[in-house]
Amino acid sequence: MENKTVTMAHGAGGKQTSELIDEVFKAHFANDDLTADDAAVLVPPAGRMAVSTDGFIVSPAFFPGGNIGKLSICGTVNDLACMGAKPLYLTCAFVIEEGYPMEKLEEIATAMEKTAKEAGVHIVSGDTKVAGKGQVDGVFITTTGMGQIEEGVTVGGELAKPGDAIIVTGDIGRHGCTILLEREDFGIDADVTSDCAPLWNTVKAVMDTTHDLHVIRDATRGGVGTVLYEIAGQSNVGIRLNAEAVPVQPEVKGVCGMLGLEPLYLACEGRLVIMASKKEAEAIVETLKKCPYSANAAIIGEVMEEEAGRVIMETEIGTQALLPQPGGELLPRIC
Amino acid sequence: MENKTVTMAHGAGGKQTSELIDEVFKAHFANDDLTADDAAVLVPPAGRMAVSTDGFIVSPAFFPGGNIGKLSICGTVNDLACMGAKPLYLTCAFVIEEGYPMEKLEEIATAMEKTAKEAGVHIVSGDTKVAGKGQVDGVFITTTGMGQIEEGVTVGGELAKPGDAIIVTGDIGRHGCTILLEREDFGIDADVTSDCAPLWNTVKAVMDTTHDLHVIRDATRGGVGTVLYEIAGQSNVGIRLNAEAVPVQPEVKGVCGMLGLEPLYLACEGRLVIMASKKEAEAIVETLKKCPYSANAAIIGEVMEEEAGRVIMETEIGTQALLPQPGGELLPRIC
Amino acid sequence: MCVGLSAKVVKINNGTAVIDADGAKREISAQLLEDLEPGDYVMVHAGVAIAKITDEDDNETEELMEEFLS
Amino acid sequence: MCVGLSAKVVKINNGTAVIDADGAKREISAQLLEDLEPGDYVMVHAGVAIAKITDEDDNETEELMEEFLS
Amino acid sequence: MKTAREIIETYDGPKVRIMEVCGTHTHEIFRLGIRKLLPKQVELISGPGCPVCVTPVSFIDEAIYLALEKDVTICTFGDLVRVPGTKMSLAGAREQGAKIHVVYSPADAEKYAKEHSEEQVTFLSVGFETTTPAGCLSVKAAREDHLDNYSILVANKTMPQAYEKLKNSADVFLYPGHVNAITGTRLCEDLTKEGISGVVAGFTAKELLTALAVSLVKFQEGKPFFVNCYPRVVTRDGSKEAQVLVDEMMEACDCEWRGLGIIPKSGMKLRKEWQDFDARIKYQMPKIEGKPNPACRCGDVLQGKCKPSDCKVFGKGCTPQHPVGACMVSGEGACSAYYQYS
Amino acid sequence: MKTAREIIETYDGPKVRIMEVCGTHTHEIFRLGIRKLLPKQVELISGPGCPVCVTPVSFIDEAIYLALEKDVTICTFGDLVRVPGTKMSLAGAREQGAKIHVVYSPADAEKYAKEHSEEQVTFLSVGFETTTPAGCLSVKAAREDHLDNYSILVANKTMPQAYEKLKNSADVFLYPGHVNAITGTRLCEDLTKEGISGVVAGFTAKELLTALAVSLVKFQEGKPFFVNCYPRVVTRDGSKEAQVLVDEMMEACDCEWRGLGIIPKSGMKLRKEWQDFDARIKYQMPKIEGKPNPACRCGDVLQGKCKPSDCKVFGKGCTPQHPVGACMVSGEGACSAYYQYS
């Protein structure tokens, strides 16, 4: 590749487009299923198939703990894992800003390769578009994943049952906190790195521990709080949360204190919320603690019949109070 | 929907995100396979599965003959059709600029609904991200399609055979010409509309006519010229093109004359290049002429053993000359 | 140098002309040519009519051939 | 009004202080408080130390209770 | 000895109206579920101590005018971004291309101006005595740095006039701890002479419960009282430095409070010597008359004259997602707190 | 009677070098595969008639200087966008945030300036006699419209000096039809007196074949000749209006041609009365010394001294995708044409 930057010609569909694809993407994504044609030809999954898509526009694209490439694999792999599906195939579509440094693109592709390998998923097809300077902020990636749903386990946001234990697989809000500190110029210095991680192996370990699972959800946009409200609504149950049991890294707490933010609403990219029969909860947590991305797993609450659609916090003084509903854009506040 | 525009809150993953999804997307895309969860659960295709993804960033998003929504369905449906695959499922990921008019988004979703219906494909899962003002130009859509490859027909860019007839399914370059005139302020007034169309039914009709098909390709980015060079390379054959046989709408010719452009390099979004045994060519063209988007189908050349990797034009004076290789960004010229 | 396009004048207005080439229309400058009229054919370069031409076509080459080569 | 954060002063430099709250550090203005020293605790609001505090903690409420309520 | 919580839960004295003036108190009281501990006779009223809630429509309109008409980059606390103006909020202006930059402190706004000399930058200076010094410090720094592209749009307010105006709305005030950290407690002590009772309260669970318990015990004694229940932060004198700084740079002016109307001498503006940094003067701001939504009863809510739920559009046209009035915007707004926690 | 094509294909006269001066001729000759019809004795040389190819590196550098240093919006024909400057092309500058706006005509550049009064706009005025009037008309319009944000960066050139310089490089010139449409044919007639032969050629297949056939027939007669083979467009006098216009607004100056060096009086610049619109004067352009890639043999190629394939980097370091020299940029460039068609 002679070019040090991505040019409009790389997006025009001719020789230079092929060059870019060959030298950056194919070089990293090579596997038996990857196609040079416009569509990949694949053996479909046996049984039921899970399909998920997500666009990634994170800014900045590089952050402590990962980059947009790693994120774009984790996000979709985790969405499949949350359906109890083993990720098999992945497509990725890039939109790149004219003038984007080739070196950074290379770094993104490297991260994607590594993460896809870890998750055991094949990148099978891609697409590259170049947008004029100023028409896109750096690089956006959309990934779509196809997985094979493992038999014997059925999970879904509508399957939470009163009495279920609520487990979170690690300390929350690190990804959101990391991005906030990187993006905005708040002058805060805190040792926080994104929790971004591919979680299929974690889910698999949990499924091997017990089939008595009801809900698995990754707490991405909107964080754990948003996910809990969603599940409460879908399953028409109430949720009781023990505020003190929710694991939060001290630094994240400190940042939230300064900016007047609630960690429960900060995005995670490597944390699951699991709801399962109370009797299995301990075993699940034990399994999780042995997995690489869930050493801090904890039971943080339970599902109840009352207060359907709501999330109730047990406070530090033993009172109960509604968790406020997630409210749009995260904005630091002074009052 | 109270909002007249898309706000950052619509992308934050909370209540307003759900509102947007329910009121704009679900309202249009509803079908049995569409999921509210992060992943759809589907019956996989029987036999082999074709998978294709494409990002759509067309600017302007609305143009004579369609909009980015229609395009995003056609593009992926056509990529599947070109593998001989019946499109079954589609995912779509939106990136929307803060402040984008809700009405336009609605219009885009309407076009997607209509086109998906025509193509017989189910939208099964989606994603919505909102990027800050100026971080994306209006709206980008990435669609990923899954299709079922019909038995009995195997096509691919590497399967062209010397002696094959080369068929184009209609007059070329209309989409590229339309977009160029809409985007740039060249002051040219010409009655040209995009050829954007979903072509699975067309491909199906051709497959029902004969199984003796070698290559089917949609001539999108880079136009027919780029596709022919690609196939010549992949199949290691030469291609002889009869310049006078290539159907071009007079207005497109006029615009190209003014701007010094070659219609063979203008994008189409509803035209296929088909290569098949010469003996089947007439029957294929006859079938095509009965289909709604290929009334102007024509045989434009043939595949040959000589001049492998090259495209040779038979000129209006009977001489032969190389078609210049596609060269990056399309730029109007005066010399 | 100088891609030229032969086109028909369809409208004249105060130093500008609207020309038509196969249905593609554009306003161009008519300031280099006197008394252009609708129906005339012109050679257009970079948005300016640089010459009035007898015809859109190039049949005159036959006369040339006769004159010089027979 | 006025979200406040109690934090420990870890550095003082010419009218500014670096404070630490659970490991989150930031430079803030120390201009409203005389003779701040590393190790002091302060109440921070909008990037300014608005009060020196005896302790990070709120145990003094017990004394209050004793004084007024017993 | 009873705990504070027991005192509160078992209170059986006369009916008492306690107004928490400070928005952060409102927020914490809801977060901790303290309202549910109160017996029927104890009514908690959320007063006008959230600077967002009392910022009038016209102030938002002024900021939008600077952003859209004068191409000024607006630096603001995040709190103000979604507050409705007459036609739109700052978030709406941002959709139309306005540059809205959220900062953690006024010092950061000044720094932004220093680093972006090609932009004109205005900081939206809102807040009470706690926040005003930070705005003043940023102006001082801008003069020291010789910036000619920095200004502030001032809507800072002072509390004492509000206590007077609201004195019949409550029996006991929970005074805003961090305002008192700056101002000291003398004024509150003096208010007892006018029959106004109150305690300075801190913000932790223990501090809030203690302040409430003290309020109830003292209220039953029947005499006007004042107690500083936040002595680890609040002193009798407050911050002399802050008082001198603000006095040197600003002077009192009449000031509009959303819902309460104009309260004489309840606002601040930059003194003449600092007018170069006054955005209204710098940009020759025309008189902008904000038009609040007539359905909104924020004013009555702030004065305890009605509950949020008495407002016709509460929870219908007016929700945290689509706030009609300022009290629905931040978690501190009484309407928002009612909506979210009940 | 033989057809033109037959005459060409059966030519058995002496060796003859024909130079097509005009880039569009080069392009069409390749597009039509005409080279393949030629017998061995006929050599076609692609001369310096592509304005892109002869535009020096320093001109691109000047444009980039205006775009990146002076924040000027550059309006240009698409042809120039990929031409390499010393460090980068205009496309490269665009990647760095330069505003590069492609136009179909100089009139559109002037219109763009009129509609974007907040931007400074400069049109890159390149080209020969055919194109120069369009640039002049745009300046005239800008004065009529009282624009103070429009200027042109002039690199217009004239052909006669080039014919002189190249007279030993070819036996017959295919004169550029559209240049002659403006200038008329008198000059070319006069060149016969200096022993320079040529024909004016049109651009269609028939016209090109006829011009070549006439050239071969006349060449065999052994005397210097001139024939206008494009009479439907080219007259003896050309466009008086264009000549008067250009003369009124511009004057000759020494001018650098890429590869050929400085040719005295071969360039144009705006006269004093129009200097308000001269970008070099308006922006006090510093002297910019362009550094062409030393490997590039464009100059020799343009003079027929070598074939593109004689250049060491042809097809390796230098391709249409990554052009090193200007001759590789547009389809009209000799190197590009050789690369693409052979």
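When the chains are written out, they are named A, B, C, D, E and F in that same order, and each has its own residue count from 1.
Going forward, a contact is a pair of C-beta atoms (placed from the backbone, for glycine too) under 8 Å apart; a residue touches a chain by one contact, two chains touch by 3 or more.
None of these values were measured; they are calculated from a predicted model.
Counting only chains that touch, the fewest steps needed to get from chain C to chain E is 2. Using the contact threshold fixed earlier, the set of chains in contact with both chain C and chain D is empty. Ranked by C-beta contact pairs, the top pair of chains is A-B. Ranking every chain by how far its Cα centroid lies from the centroid of chain B, the top place goes to D. Chain centres here are C-alpha means, and the one lying farthest from chain E is C. Note on chain placement: the centre of chain D and the centre of chain E lie 21 Å apart, centres being C-alpha means. With centres set at the average Cα position, the gap from chain B to chain E is 57 Å.
Per-chain Cα centroids separate chain A from chain B by 31 Å. Counting partner chains per residue, chain A has residues 7-9, 15-16, 132, 134, 186-188, 258, 260, 325, 327-329, 333-335 touching two or more of them. Across the assembly, chain F contributes residues 23-24, 50-51, 77, 91, 104, 108, 127, 131, 209, 321, 332 that each touch 2 or more other chains. Shared interface positions of chain D, defined as residues touching 2 or more other chains, are 1-3, 26, 45-46. Across the whole structure, chains are in contact as follows: A-B, A-D, A-E, A-F, B-C, B-E, B-F, C-F, D-E. Residue ranges on chain B touching chain F, taken from their complex, read 184-188, 258-260, 313, 315-317, 319-322, 324-325, 327-329, 331-335.
Touching chain C in their complex are the following residues of chain F: 1-4, 7, 22-24, 49-51, 77, 104-108, 127-128, 130-131, 133-134, 137, 176-179, 181-182, 202-204, 206-207, 209-210, 213-214, 217-218, 227, 229, 231-235, 239, 241-242, 245, 332. Interface of chain E with chain B (complex): residues 91-92, 94-97, 321-322.
Across the complex, chain F is touched by residues 1-4, 26, 28-29, 31-34, 43, 45-48, 50-51, 53-55, 58, 60-61, 64-66, 68-70 of chain C. Interface of chain B with chain A (complex): residues 7-9, 11-17, 36-57, 59, 79-80, 82-83, 85, 89, 91-95, 124-129, 131-132, 134-137, 140, 142, 144-147, 149, 156-157, 217-218, 220-222, 226, 229, 234, 267, 325-330.
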